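Pasting in a structure now, in structure tokens, and then I'll have a few things to ask.
Chain IDs A, B, C, D, E and F follow the sequence of writing; residue 1 opens each chain.
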Amino acid sequence: MSRTIFVINPNSSTSVTEAINQAVEPLRTAQGPQIACLTLPEGPAGIQSQRDVDGVIGPLLSRAKELEEDASAFVVACFSDPGLHALREQSRRPVFGIAEAGVLTALTLGQRFGVIAILPTSIPRHLRYFGAMGVMARFAGDLSIGLGVTELADEARTYERMLATGRSLRDGHGADVIVMGCAGMARYRRRLQGELGIPVVEPTQAATAMALGRVLLADL
Amino acid sequence: MSRTIFVINPNSSTSVTEAINQAVEPLRTAQGPQIACLTLPEGPAGIQSQRDVDGVIGPLLSRAKELEEDASAFVVACFSDPGLHALREQSRRPVFGIAEAGVLTALTLGQRFGVIAILPTSIPRHLRYFGAMGVMARFAGDLSIGLGVTELADEARTYERMLATGRSLRDGHGADVIVMGCAGMARYRRRLQGELGIPVVEPTQAATAMALGRVLLADL
Amino acid sequence: MSRTIFVINPNSSTSVTEAINQAVEPLRTAQGPQIACLTLPEGPAGIQSQRDVDGVIGPLLSRAKELEEDASAFVVACFSDPGLHALREQSRRPVFGIAEAGVLTALTLGQRFGVIAILPTSIPRHLRYFGAMGVMARFAGDLSIGLGVTELADEARTYERMLATGRSLRDGHGADVIVMGCAGMARYRRRLQGELGIPVVEPTQAATAMALGRVLLADL
Amino acid sequence: MSRTIFVINPNSSTSVTEAINQAVEPLRTAQGPQIACLTLPEGPAGIQSQRDVDGVIGPLLSRAKELEEDASAFVVACFSDPGLHALREQSRRPVFGIAEAGVLTALTLGQRFGVIAILPTSIPRHLRYFGAMGVMARFAGDLSIGLGVTELADEARTYERMLATGRSLRDGHGADVIVMGCAGMARYRRRLQGELGIPVVEPTQAATAMALGRVLLADL
Amino acid sequence: MSRTIFVINPNSSTSVTEAINQAVEPLRTAQGPQIACLTLPEGPAGIQSQRDVDGVIGPLLSRAKELEEDASAFVVACFSDPGLHALREQSRRPVFGIAEAGVLTALTLGQRFGVIAILPTSIPRHLRYFGAMGVMARFAGDLSIGLGVTELADEARTYERMLATGRSLRDGHGADVIVMGCAGMARYRRRLQGELGIPVVEPTQAATAMALGRVLLADL
Amino acid sequence: MSRTIFVINPNSSTSVTEAINQAVEPLRTAQGPQIACLTLPEGPAGIQSQRDVDGVIGPLLSRAKELEEDASAFVVACFSDPGLHALREQSRRPVFGIAEAGVLTALTLGQRFGVIAILPTSIPRHLRYFGAMGVMARFAGDLSIGLGVTELADEARTYERMLATGRSLRDGHGADVIVMGCAGMARYRRRLQGELGIPVVEPTQAATAMALGRVLLADL
């Protein structure tokens, strides 16, 4: 098993990549596949609009093509799953998106999933995606914390907003499991889950865990 | 009303653009907005894969940005509606996609719509899109004629396949209205509708007609 | 193009017909089809109940039959779309309902549509209709302003209620596009859209615009 | 319990009313409510089109109004449930439609219901109705026997078509329960069920049984 | 008609069985089938968890097997419908569950049903069931009164909570019909319906009424 | 990581358990959690009916309770996921069902999943479960190979039936990914996938892979 699971952060923020790298650390085992987290330098600092989503697909596909021979699987680590289906066409390896994997994982932890988005403008995009996934029957709500990329640096405020948003999803929308609608926020997961009292899914972990399982089974 | 509805064919085949141009001719009126059909030279000869779809978004947005001031509306004339939501973000003008408009128009003509796709690989992409649109409750089926871009030059064979596929959708899947799942096929519409005995929607016409209405109402 | 799009207001209030007439004025072009707005004198002053809806179908069909030869299309201008499918059976012309067209148009402007109803008793009827249309996956909510037909004469109060209801749909139900659930309210549309900050669809305009497009394309 | 359940056949065929009368005979008990089956002379010989459906609502409501004081419940005995919701508004008594009751009853007998329609033109109308009922997730298919009202007099042929249609629904569409999509066919039910090997619901029985239960419970 | 409809309360509380017995009293007629309400002594005092639900299935099936020859129908009188489908396999008699019957009955009384649950932990279980029934398109909400089995003895408090919960379902979730999500609460139904102003369905009545109809029709 | 993932085969066939044991072998890594496959001796030779499903829940819960302290996760290895939600209530460990995990995994491999069932009587049970999961929008079909437990010993015949059924799902129902609707069939997976040309999911592998990921992440 000499090949690598490549987790590609399609924005150019290395701090996000580093946070993802720490998040997936428990999935690295001596015998299992390597897991490498990469930044896409061509991406924007943060992926906020549909235009941003669509714009990173080209560079993402190019990068993945270079990595193909060394890859055992790919994880696209942005909650809009940019290029997921194009990369599935291009690559002979399994490909996972963190939104898809995060939501599917949530379906094993509760009956109605709520999503904590960063920006309100992401919500219609998420809804189109959940519709394409055919999972709206399990959808409780999608609410944003309303902070821009730069404001996320204030961790106390970010966490406070996440907690308030999680409570609204739980109490007002009936969510019994929460999906974090972004990459790079794994450091808040455990505390958020504890305070909300319902499971919270960190989507880069969810997707990389699925990738790990697929890779281990690939030879069977 | 000096501005123009720009119908952008995101592939580089000028013959497709010309076919679209003829298809929307009846929507040009003396007093109404001008309608200009453009080819995207950066596009592939035909848009066949998700990668093709995603790949034309950048050039499409660039072209539309140049046209913004002269535009009264945009129509994206590929049945995968590439860049539809990104262009809606970017532009202050109304933006229409031919798949969205074609399906919504079909919903006024029958209870269950069937789609004639060109290639089988397009079908999962269509299904994701119809799911995102939330219209699967009205979906009858999506079947392909199984011809590549170059084979479409044989018009007799193309029509024969369309007719057979339309019959399967009508008789085997319960479709009572058909959407042509591609641009540039308007010349077959009337005959196909006549032989099938159920309405057939040509999607570039559907989208441009919607654009026309929106433009006329824009000042109210 | 000597034939006429007949927009039939199935209630007997000529003031409503006049408001519709003004609403569709921008769709009248020198070269395009004529658009005539008619009142159905047999209808009630306002259509408020399912009984009212069902009761106008007979007179509506009779009137449409008289107009058939002069018609290029019909628009049924009541938000319950009375007789829509019966008229589609009876007529050889395209037939549009303002609820159907208003909702389908909203689907091109936002991801979740909210409806402003006049009376609370209309809401279950709307829901049955949206279910029949298969669009509940895109439905955000339907709330009434709670004013009777006579109270609608107080325009300031009516607008104030519409605005409050639109805000509830936007903020409490996640609507990002609003459909006015009645005919004859076009004069509030622009201001409402401006204050809500999300698109507002006036359904008689939506339906008549669709009819215009269909008529222009009819000979192709 | 001196009041009566009125089962109103909204077509003018007394033979249909008589067949209904026999079908509901087992629901008449000494102590229970009377059940009277009526013909609507204003109705057409058979209800075949949406226009027919809508056209009988007025006479149906008038007749029901006359019967209101003597009624304990109403059953509308046409599979398009004409006037069901208008009658629910008008009457203080419980009101049942045979399509609604037939389908809901089928949901207790199998996982996917199939419908045997008389005419193909009824199918889109049925689908709109099942959509309004919100039961399309349990829908297997709706196929017609393709016989006109007069042809139904040939009982052998009618039964043969019903059996063939039921087999198509069972084997090709996955139906595990069948609803007869018309009134007046109860005489075929038992044999059809026996030969198909899956439950067959006769909808006038289903609706009248529901009415009986509601009436008995009305005083609690 | 010498056989009996057996209504089996799968918990061991005879007070609940007695309440059910009173609730179905109006369905007993001189000529009609007998209705016997039984307690399952092997059941817990109250069925609160999925484990409780699953745990009573074995004893329930055993008891029903003993009763088979004397039975004309079975009603499983717990809102989680424990063993419903297993009993349908085992028995040659019609079998009804109170949740299924309660919800289906509600669909004839309003467009969106709300459910009053006893405990919050029941809600995901209810949602799974409504999903399996395919009726989520008609679902308004499911809220609990938050009282344990022993606390239900305080009738004033129980009623007050039910009323408050019903109001939340009606005003906040758009419910226009309420289903009581438990057996043994029939004594509150009439008053609750009166104060809420929308229909309230007591599910043991709904199921037993359906059973009665089925039994009366069984010989046809 | 000294605890174990317990994969419990709830039927009493040790050959099935052994087949599962081989299927999950690739998921055993030196550093990762142990995976132990157990037989439930109280179970029937094969789980064929709803009664069988419900009947194994009690023994399954008892066995899992004994294993709780040694467990890092549980996998319920029967395609009806018996006791899944009860075990989730009982245990503090993550619990997976092979039907749930198999279908969710399929959603990452195709747009419409088909299921190969063993017996036709399982299909309505599967459909109820997929409805409860809210994934019917992605469902293509569920067809059985029609062989009893003992007939499955004829491997050539079993494989031939699986292949034919897979082809029907792919060609007649539009499935682009297949889920094997049973445990213990992993030996056919690779060949079936090769001959069908679309992904085939073996559900015990899917569930155990999910369990592995969850366990590795459990401390984060």
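As a working rule, a residue touches a chain if its C-beta (ideal position, glycine included) is under 8 Å from a C-beta of that chain, and two chains touch if they have at least 3 such contacts.
Since the structure is predicted, the reported quantities are computational estimates derived from the model, not experimental observations.
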TODO: On C-alpha atoms only, rotate subunit C onto subunit D and read off the angle in steps of 5 degrees.
DONE: 180
Task: Selected pair, out of A-E, D-E or C-D, that shares over half of its residue contact pairs with A-C - done: A-E
- [ ] Can you check how far apart subunit A and subunit B are, centre to centre, with Cα atoms defining each centre and the answer in Å?
- [x] 32
Task: Between subunit F and subunit D, distance of the C-alpha-averaged centres to the nearest whole Å - done: 42
Task: Multi-chain contact residues (two or more partners), subunit A - done: 124, 128, 131, 133-134, 136-137
Open item on the list: Going by the touch rule set out above, what shape does the chain contact graph take here: line, ring, star, complete or other?
Closed with: other
- [ ] Just spell out which pairs of chains touch, all of them.
- [x] A-B, A-C, A-E, A-F, B-C, B-D, B-F, C-D, C-E, D-E, D-F, E-F
TODO: Under the touch definition given earlier, write down the residues of subunit F that touch subunit A in their complex.
DONE: 23, 25-27, 29-32, 96, 100-101, 104-105, 107-108, 133-138, 186, 189-190, 205-206, 208-210, 212-214, 216-217, 219-220
Open item on the list: For the complex, give me every residue of subunit C touching subunit A.
Closed with: 110-112, 137, 174, 176
Open item on the list: Considering only the defined contacts, which subunit F positions touch subunit D in the complex?
Closed with: 123-124, 127-128, 131, 136, 141
Task: Parts of subunit F lying in touch with subunit E, wherever the complex brings them together - done: 49-51, 53-55, 57-58, 61, 83, 85-86, 88-90, 124-125, 128-129, 131-134, 136
